[in-house]
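In what comes next, chain A is part of two complexes: it sits with chain B in the first one and with chain C in the second one.
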Partner chain A sequence: MIDPKTAWAPYTPSAENPWDLRKAGHLFRRAAFGATATELQDAVAAGHEKTLDRIINGNPESADFTATSDFMASERSMPAGTETNRLAAWWLDRMLKTAHPLREKLSLFWHNHFATSNSKVLNARYMLGQYRPIHQHSLGSFRELLIAMGTDPAMLIWLDTTQSVKGKPNENYARELMELFSLGVGHYTETDIREAAKAFTGYEIKDGKGILNESQHDTSKKRVFGQSGNFQGQDIARLCLAQSACPRFLVRKLFAFFISEAEMPSEELLEPLSQFYREVEFDTGKLVSRMLRSNLFFSPNVYRARIKSPVEFAAGIVRGLDGRVGALPLAESLAELGQVLFAPPSVKGWDGGPAWLNAQTLLFRNNLALALTSTEDTRFSTRCDPAALLARHARRSDAEIVDFLLDLFVQGDVPDASRTKLLDYLARAKQTNYPAYWAENDVVQHRMRAVTHLVLTLPEFELC
Partner chain B sequence: MATRREFIQQSSLLGFGTTVPAFLGRTAFAAPTAEKLGAKDTILIVVQLTGGNDGLNTVIPFKNTEYYKLRPNIAIAKDAGKKLTDEIALHPAMGELASLYTDQAALCVVQGVGYPNPSQSHFRSMDIWNAGSTEETLTEGWLGKSLKAKSLPSFHIASGNETAPLALNGAPARVPSITSLEDFQLKMASSSGADKKAQKGVIVDVASSGRQASVPMKTGTPTSPPSLLDFVSRTQMNTYASSDKLASIGKNYQPKVTYPSSGLANRLKLAAQLIDAGIGARIFYVSIDGFDTHAGQGSAAGAHANLLQQVSDGIAAFYRDLAERGHKDRLCVMTFSEFGRRAGENGSKGTDHGSGAPMFLVGGKVKSGILGEQPSLTKLEAGNLIHHTDFRRVYAAVLENWLGIDSKPVLGDAFEPLDVFAKLK
Partner chain C sequence: MLRLCLLAFALLTFTCPIRAAEPPDPLRLLPESSQLILKIEKPRQLAEAVVSLDVLATAQQIPQVRAVLESGNASRALQMLAYFERELGAKWPELLDRIAGGGIALGASLGDNEPALLVLQGTDANESQQAFELLVKVVEEELTRAGIPIKPEKRAYKGSTTVKLGDITAAQVGTVILVSNKPEPVHSALDKLKSGKLAGGALTNKSVRDARQRLPQNPLAWLCVDLATLKQSQASKDFFDATRKDFLQTIVVGSSIDCVRRSDYIAAGLFLEKTGFRLAVRLPAGRSEFPPEFALHVPPEGKMGSLPLLEPAGVVYSQSFYLDVAFMWQNREKLLNEETRTGLEEFEKQVSKILPGSVKVGDLIESWGPYHRLVVLNQEKLPYNTEPGQRLPGFGYVASMRDPKFARGLEAALRSGGVIGSLQYAMKYKQETFDGIKIVGYRFAEGKPVDLDPDDYRYNFEPCFCVVDDYFVLASSFEVARKLIPEVRRTAKLPGTPAVWKAKAYGEGGAELLTTVADPLITETILSEGIGLDEARQQVKYLAKYVRQLGTIRIELDERDTEYRLDVVWELKK
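Take a look at the complex of A and B:
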């Protein structure tokens, strides 16, 4: 169905497959954290090339953003004992306000890849310390990133490397390095793991940095993937990177993240990207650019072929409504939806895909959407205000209101019946008997909030 | 090679046949008795110990000198454990579970459980246990498949950060995950009853119209792969129907015993409430995470002890609560973990991934005792205990003799049911 030869060639709009609102929405959902109405309109007007350039290259962060975020992350404001939700709030705030959302999005990908949880690390300084190389290399070298993780203090604690010494190796890091970080099950043996574990002995944390303590390090010869040597941790990482399984493993994971969770791509489809990733020496930015600009990315096959993660779901609402919400209550709400940043459930990260949605998390999603649109919810105050947004965009009639919201959140792409139901509700809500003390404006606000909430419960809105 | 994740995703999209959850179409089962094995109102509660529980420090061969040699730092001292027999003791933190054995005759310990060529990957091995199969590609769970054969109302009682287990995948209607009854409600910003009804009507209607949208709406329009939208629609419709039903259950459950304050105990308490509400619930799935004790796991006290205490206290409270309500003979609680741990401790006073480990079954009708020998501590395979009982024999027993489901189509092969249930009159 999909031709690997043309799949990765650059997308060019055509009469059958034009650059339009739907494609702009698709791009902002996948490569950013959703869009405002203005961003969507600008993207459609600017055309696909300019929009892709903007999204991929991003803009430099403002001095204010950087200073504020750095201050918030300083030791004074977030000491080691800071609770996880505050860490998560700090990152959410970056996601919502950054001038280069793709970079934060990739950082989220790598956080899920090197899934490390503060529930065990119990040190906000180390967690923030791990975020730094992840953010630095998110669109850069996976090679550097993989090597850096071997001495990252949060990782050293998370996978017990600090407990692993000469003569008494602990296998935890060596196993996950191969199974989850670089190769995948089936591309190493149990002997490879036991041998590699020796190379990761003697690492410890000194003055907040991961270092090798030679006196605790096993200097014997190790044999991994058929090669022998007095390997240290970074040598094992390099051996993993040299395996042909490595780029394939990463490309498959990035495919699910950016392109489609709905189908399993064939080896044949992914092979050109795997080769490319190796050719560009694991430059993730180049790989991601190629993926996002491709025919396949803009093809009907992969449209709405992902389930939004809780972060994508919530950020999409806040950004769409031009909202300013407290990041801390937002972070706390995301825990209910199953995603606490800096605290993935295991070293495998979040399962993602359909696993995000079960009965309970679905209700939490609906109820979070309600809270974000409602003045009656004390958590978020009134800073997401659908009525004000609609007024700013001069949408007054019921049809204008419904179409604006549908364009904003699902690019108008819903069955006609759904649109009709929303219009019916607005009509009925005019006939409702409201409390006597409600002013006319209260009624308007109520109808706007209610219909916005209803739009956010559409099944289409759950898809990314 | 295909990863489990992708296959699950694929299969998740295919496996949802009917829309209405099974328990909605059924009336309550009144009589809380199990007259014969596989009787109509037996209940299964699966307790998953995530991370690889150290079986050797859970069920302890306290007379075996080899045990103390293998574990100079973390072994449980000879007289510290809760003795079940002259050879075998439970971890000292498991006094409650031990008392179900000594006072209630309601605990069955199955020794040395595993499967051939054990995987030491958490995720692969957990998939194998969840699927009840060692095939390379695992897409459906053993309980999900069972639900195809017999529609038994089921719940996954989840903790906050937890997704539904593979074990429940493949069921004809998605098994609902619930964290609490209070949260299992659809909320609206409504100004009146009529307004609320109108809003709810829209929410339910747009959910179902998502299903019709699998037909392309307009030519030239990109349409989503129908299955994914369909999956969301079905999950929504399922959930809204379930939440209506559960809204009728009273919020103030008064347990007959005091449950300990742990996440696991809270989840079991919710299961007890749903059982007692008489909505016909038959299968529950709960998990407790944290058993990946590579370092500093402790001995009689410490990290592992705390986990075992939660398991022991939680299950015992659950059993006693329901026993007081007359349900004890309907209960079968089954624990498992994806693997046991290395026989010898590692240099970090913890244990690395191993294989071969015990399972517990708790209930008024389980055959109380210790089934099978303690695996040898001298004859090891790469440092790991060698299993002698395939876990699918336990599953087969639960399916055949407790739930009344033919196990062969579920397990893909005929496994002889292990003799874990007491013979009834």
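Take a look at the complex of A and C:
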């Protein structure tokens, strides 16, 4: 039973509830895209406060990271007609290499919140343009982010605002602004939407930027949420932000993203956070910091209470194995798993949760894990080799190998029976007759790769 | 005395050079009815020719290639090779000679699940046996390792032993190794081997014999596809009918398909030449039996097939071909189906609306010459101050003219187009004289976004045209036109060739192009390999260097009286 009074108080390690590998792993899964063995070990050694500071504040990006990412995002490298897979790969590359994974993770959250797809926008420049404010404000002001979305070229096309002109307002953006971006169903009326839609007339794209064309804008007085005025788009965003439902709506979504999607949190549980979000003027960084540092975040109730999205699943393997794989083949694989970045399926984003898993996507997840770990798939080759990782960490005996992998990927959080089965597999594999031309080292490495694949197919690894 | 005689005989026997008997031809063991025959005459020579290529060695340094070679499967394949060498006590070229020195032949019937037989004709029975047994053992071990429940089954067949492994049946007898997807071809080959006959099988197939004779001497490998039976199928008939009725296909590949239609086989061979490799394709059908309307593809008797290729500085790709558009226009009633004719008439009406009153579409086409040349080349400078979103190479088209009115008509038409362009895209007229030739063109206005071109590709182009003697030149930029003018004049003095279609791709130009359009390639490299910018830049530089080494690839199509010849020639850079 969660006690709302203590849920959001800062977690303090104790003998009964220590800071350990499980909690470090939990933090890296939720607030990053998994961790390497070294990161996990360092986190346990550094203690929870330092680790949380490191995760929340991040490290400065390296010059190579910035130069590489900026180069790829240039117009010459990614012109407007760039395929969505390439765009997705660009972002995945950032997720895999960033020194501040939480910022990218929040960017992913906001991308799903303001779900915009290149399948309709058909302009990679606009999609990259939308990523910029999302990334910039991901841990900053939601207020500014919401206002920025109102004139974002990709959003203007996605929700048909460019077709909304004086006398013929299009209600799409006004509706989604209230229903999906700020308030949720039940906190606005159809009249509010109709009136707000007039405020979003006359927006168009000029020289790649969203601007207001006064001549097409409805300058009449509008009445929204009981207030009247000659509102423009940003005014409607501010009116939404002023509604008490707004912080509650956002906190609930962030709760599902960071804490648990397994249960519906009570209003009472969320209220302290909603109040806090308003007090800090929608500073998402402060809100997320409070959530991640809380008792509830580190409580057993929310442990593995989310299903990994395909991005979390794939990036978790690559980061865990200290791999250096190409993001393009990875992005192509993610399409099979049901998640194409920059192309969410609808304005509501990805359903997430249990919808990520079905017989087919589970099979594809297993296949991807095999492709990444076998070194036999030329898309990834030896760039993500478990045998090399185990050699670097000097794990040689069967027990060392199994324990290292279980610690790395599931923090030992599996039933004894699973561990025994993995050890049995390694023992059986030793009895297998390998082709005579295989060198002894080939056999050893093959066993290591195969058992890594088995670990990645454990049900526990599907959970975040 | 007797002892001396015996000693002399023994010395003669062991010291005189005796020519070892040539191994029998593996084609004898393939079914006579095989529709596809592939033979590698000298496997060792072919393998060594490929392996010794400098470009292959250099390719292994390309990170993308290296990644493939380092992958589990590739490295295991190399290990397996090393294992065979170790177990059989010789390096692979020597092993290849012993196991398949008499040639490798594949015969198959075309279609799903049709039988196919692979024959390796060796020179050393002992070696063939060891290799075969080792291969069966390795495959068995691989299957066991992979947990596939298939075991090799040894079966007796008329005193011989075959090995069945899933759907595959194999056998080794003497110096011969047989592998098939069905038991019957192996059994049949075993029967032939037992009979001791050195003839028969695919050797008696007339198409195979003819195909081999039609190809030049000493191929590394050659192929024959027996079309006689294939053409009997309804699907083949439908294909030829559909192609004949399709306007575009008739224009592009009509004559080639007609030659295939009339041929009983296709012969192709791979040859090692002093400067590289040649792939020669031959069909026993030529222009002499073309229907009259196919005159659009081939010149009249005594006329050259195509003009020399244009090879200006920075050339990436060049093409020259014969296509008599005027003939097609004059014979459109016979050549085109009703639907296409109607479409063409509609097109004529629409184009006439924008043409100046003095220009008629029909006159324009009828004065268009039959010799066409295309060229793609690198540009030294961008035509505008504004950088295009992506740099593209320049290109040009040069047409021969039957009558100067072609140039006058087309010039008028292009000027009309230019006027429309200047209204829609704010294009500006530009004119300059180069080497006594007036070049006329249009430039896009800078700083004015065009919705249809958000990536600013238009800043690669300033479309222009000029007339050089009897040729009309259309170019993507003034720089291209300036490069083409002397090239058109130079090639006008050279003789043409009988080939009616030829093209050439240039490694040097390709490398330069890679350097010019490096950004997307660098990005592709980063995203494919997960590396950083500096490393990716180095890799793309390396790739450009590699492409430069590739030399040129030339394709020539010569439709002779009774023979169709297609040659692909790879000339390696010295």
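In the analysis below, the second predicted complex is superposed on the first by the 464 of 464 C-alpha atoms of A that agree within 3 Å, B and C clash if a C-alpha of one lies under 4 Å from a C-alpha of the other, contacts with A are read in each partner's own complex, and residues count from 1 in each chain.
Operating definition for what follows: contacts are C-beta pairs under 8 Å (C-beta built on N, C-alpha and C of every residue); 3 or more make two chains touch, one makes a residue touch a chain.
Here the structure is a predicted model, which means the values were calculated and not measured.
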Chain B versus chain C as contact partner of A:Leu96, first or second or both or neither: second
When both partners are placed on the shared chain, which of chain B and chain C touches more of chain A: B
Which of chain B and chain C A:Ala46 touches, first, second, both or neither: neither
Contacts of A:Leu212 with chain B and chain C, given as first, second, both or neither: neither
Chain B versus chain C as contact partner of A:Tyr434, first or second or both or neither: both
Contacts of A:Leu423 with chain B and chain C, given as first, second, both or neither: neither
Partner chain(s) touched by A:Gly338 [first = chain B, second = chain C, both, neither]: first
First, second, both or neither for A:Leu21, with chain B first and chain C second: neither
Which of chain B and chain C A:Gly353 touches, first, second, both or neither: first
Partner chain(s) touched by A:Ser374 [first = chain B, second = chain C, both, neither]: both
Residues of chain A at both interfaces, chain B in one complex, chain C in the other: 374, 376, 432-435, 438
In the complex with chain C, residue positions of chain A that touch it: 64-65, 67-68, 71-72, 74-81, 86, 89-90, 93, 96-97, 123, 125, 207, 323-329, 374-378, 381-383, 432-439, 442
Of all residues in chain A, those that touch chain B in their complex: 16-18, 22-23, 26, 159-160, 163-165, 167-172, 175, 179, 184-186, 190, 252, 256, 260-264, 299-301, 303-307, 335-336, 338-340, 343, 345-348, 350-364, 366-367, 370, 373-374, 376, 413-418, 421-422, 424-425, 428-429, 432-435, 438, 446, 449-450, 453-454, 457-460, 462-463
In the complex with chain A, residue positions of chain C that touch it: 67-68, 70-74, 76, 79-80, 82-84, 137-138, 141-142, 144-145, 387, 389-391, 449, 454-455, 519-520, 522-524, 526-534, 536
Chain B - residues contacting chain A, complex: 1-3, 5-10, 12-13, 50-51, 119-124, 156, 158, 160-164, 174, 176-179, 183-192, 194-195, 198-199, 201-203, 205-207, 209-210, 212-213, 217, 220-225, 227-229, 231-233, 235-236, 238-239, 242-243, 289, 292, 294-296, 346-350, 352-353, 382
